[in-house]
């Protein structure tokens, strides 16, 4: 998939228009997982806008996003960065071999206190 | 029989290049009623006008058709020229053969043919033109200024200086508006009270100015030059002319727990109060919502202590009707409510304040006597965080406003600077999206805050504020450093967006003045007529038209005053004679026309008519006020009987044009 | 009208004085071409257009009638075009109901700044009416030119 | 029923509540009832008729009658009260001079339908229970009233009397009897089919002006079609254009004022379904600008004299199309 197709796909999945962003940074101000990601919510928006999508797809940060939607809630321009992040995760899943979670990972992360559903739903979410 | 003259203009080569002007004047010369037809290089030139004028005299013309540029260009020129030669100016019609013919067609045959048809249409119309005389209506030489803030005061002073009486209607007990609540003003840092209060006093003392304080506009009737306005003077339960403003009652009143709106509720006042020491008029007002005497019928302390005998618990609202020639709207602005911005903990912590509240906390006449103290524990704050654009530039309608509030960047820089100047031991952070400082000495001012006063300007936005153990945990982004900041602040100051006063919308309806979706009054032209409303006789002063700082407001106030003065200087106004006209014999009196008239120009009268067999019938028939009617023609189509027609654009005239074009 | 065996429709355009007439002037100032079939009649406001005028135009040989006014919300008289909008909607619907080609009538909102839109609208409308051919269903044979 | 109305009329005249009564009396035949003004109890006794043929809407006559001095009583059926109230709204009738006796109605009949049902030589028609009995020269003929109703009554919009001083019979309710079905049928046709349908109908128009003269909304002091200054004077339908023109403009002039009383079609000697033009406007208004019934109240602005900022653009006509599947 070419980069412009990729940008269009992200736009279609997320329904987000990154051009509405006025670069105020409130999303990154609100983000509780800010320090866990190498790219931050405001960067997500500008990277999608400038077409740096591959970089985003290969970033671990998209999986440390908590999907708490604080950025969506706080954004004064209704840009909705969390939806972009979700769209990038979906784009990864659509790509061959980019599953974030593989069956063989599971034994290692199994934890007695972890509800079984959490593993099952994470597996559903992060794998084709 | 009509005697029509046709004048075809070449407009140099503008018309002549694609229209055979010779042929046009030749063909149109043979149209019925045409007795003279010619063409000339520049009809609008003095020579051209002379040609028209001598033809009017020589051929005793009863109508003139000029085939030239758009009537929007030279209709007035040609009408004036004909008037000078003794022809009624409304017997002139223009055929637009430049903008709507020669300039859009390349083929000369096509252009010529179309020019002839357009000329024929104009001839057909002019056959039916009637001489019209512009009516006149007198101008009441008195102005009304609605709103007594700096905008209203300045406008009133300027109009009064020109020698015209002017009334100010202010809904609060005192004039002065928002500016009275400010501490210092940017970019010069002079004290707001020091520059405003002399103007307030001047307004009160000016013989030409009458102040209706604690009053509101109740109804507006009439039209430019002849407005009739009903003013509701609200009962203040104190005789304004008797009260000396000594303030004894405001000290003795036992009801002490009234939130003081002048200090934005940061402290309390009594039920009888004078908003602040320099109030104009300096008279007490009883707050009926809190006064025990008015609510329960017992107390009466103020009446007992008042040596002047000014208290009157039986006072009622008073309605005053006054006539005005011009109305200036100066209803100003308010900061928006911040309760939708939970992320900044505004409603959770008293130490999160709005900028206007901060202004009161810094003001020597404020609740803390000018000492910056935290509202929660009255300690001196060490770390302050200012957040800009709270509610401005906001996409969501229910939370904020889509526009830039314009003044926040500058007053925040002012706050930060004053804070650092008074308390050098403080750390001051300003979070900004953009710093917008266009204005004389504005950017220099902001740079001084950064460079000389060491204010930390951070490009980024506060994401959340959490009150915790007496501190305010501020989490924010620093976009240039690409990191998230966590600041333990003592105070957070929010630069709230500003919005038009809530009285503006109902007022606009009364005035039939137009407004934009944000409830700001619309100007007649955004560039060329910025202080006039599209509704004639209504002028705009200050922030009611859009966000503005003080210098801009004062400039606009002066401009609005000069426009109002220009109107009041006239003894009579000339009305557009192309107005609706009912044929009473055909009128059904059904009110259809009245229902669609945007100006309220149509009223009804019962008139006697001759019925069959020598009887008389009384019928309700429409009457048009030609001074109010603007000539849109909505009524002419609403009228089922065709009784309503429009002068200058009558049914028959338009149909004659249709026929000429289609034939 | 037939010119060289080709059908040339007669189009009457009613333009409000404040927006669309100025828009038409602007398309002239910018030398934007549109067919000479279009002849403009200036009216103060779109709300001045009586359905009678439209029928009169068809009777006398027009093949298409278009009304141009200020954009809703921008009316010089604040509300005129809102009335025009309802009137024309109902009138056009009625013409359609009678089986008269609805493509022969049109309303467009053209501001004083939209010279380009004015020319484009006229080009489009003339093409649409040319395709329909001469007005037969609402013609008055006594006024026929052919 | 007729007896009750007569008694009421006589009482109103006798106790001087009014000095004349507008009602119906027989014309040439017993079934062509015509509006009439009665001045004395004797006239009432002799001529007043109220029957299944009292279709005529009396409200329009009150424009003139209410201005003649004194007070006039009028019997109004539910649909007539809508016209009456619409005229009040337009300040055409002086309310204080009219005493309205509301009369409940379960539909008026069309003699043509009775004849078409095979009754020749009808001499009288009476109601018996739910049915009609037609007395003919050849004996009695029974039929259901439903089959004899005027078209407009078969799809009656309301049994509610929206204005009256006194009510004979029960107050009724508004109802939906599918009065737009015929309009919808036309809307479903292709433009060509519609064109030939209306050509077929309107070409029969003889410009007798009966529709105009009976219409309560067409009560102009001077009709534009009679006025040489209107630019639209037109006395006779000389060709197809004028046939169309008259009916389009007439429908447009009454649009948002027409109460759908159906008198136009009832009186048309050529049996042109003129109400279908008015109903089209009513249907469009309901769909585009919200339900509106002319004459239902005194306050709501007629939709053509009102607007909202979000009204549909005229292009909606192209989108809605004429050839709905």
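For reference, chains read A, B, C and D in written order, and residue numbers begin at 1 within each chain.
What we mean here is this: a residue touches a chain if its C-beta (ideal position, glycine included) is under 8 Å from a C-beta of that chain, and two chains touch if they have at least 3 such contacts.
Worth saying up front: this structure is predicted, and the values here are computed from it rather than measured.
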Mutual neighbours - chains that touch chain B and chain C alike: D
Per Cα centroids, the chain farthest from chain A: D
Selected interface, B-D versus C-D, where C-beta contact pairs are more numerous: C-D
Rounded Å distance, chain C centre to chain D centre (Cα mean): 36
Inter-chain centre distance, chain A versus chain C - centres from mean C-alpha coordinates, in Å: 53
Separation of mean Cα positions, chain B and chain A [Å, integer]: 48
Of all residues in chain B, the ones touching two or more other chains: 596, 638, 651, 655
For chain D, residues that touch 2 or more chains besides their own: 224, 230-232, 304-306
Interface hub residues of chain C, defined as touching at least two other chains: 51-52, 56, 79, 83, 87
Pairs of chains found to touch, sorted by chain label: A-B, B-C, B-D, C-D
For the chain A and chain B complex, residues of the former touching the latter: 20, 22-31, 34-35, 40, 42-43, 70, 73-78
Residue ranges of chain B in contact with chain A within the complex: 343, 389, 393-396, 399-400, 431, 433, 459-464, 475-479, 482, 484
Interfacial residue positions of chain C with respect to chain D in the complex: 51-52, 55-56, 58-59, 72-73, 79, 82-83, 85-103, 106-107, 137-142
List of chain D residues in touch with chain C within their complex: 186-187, 191-199, 224, 230-232, 238-242, 244-245, 248-249, 251-252, 255, 277, 280-281, 284-285, 288-289, 303-309, 311-318, 320, 322
Complex contacts: residues of chain B adjacent to chain D: 583, 585-592, 595-596, 604, 617-620, 638, 640-643, 651-652, 655
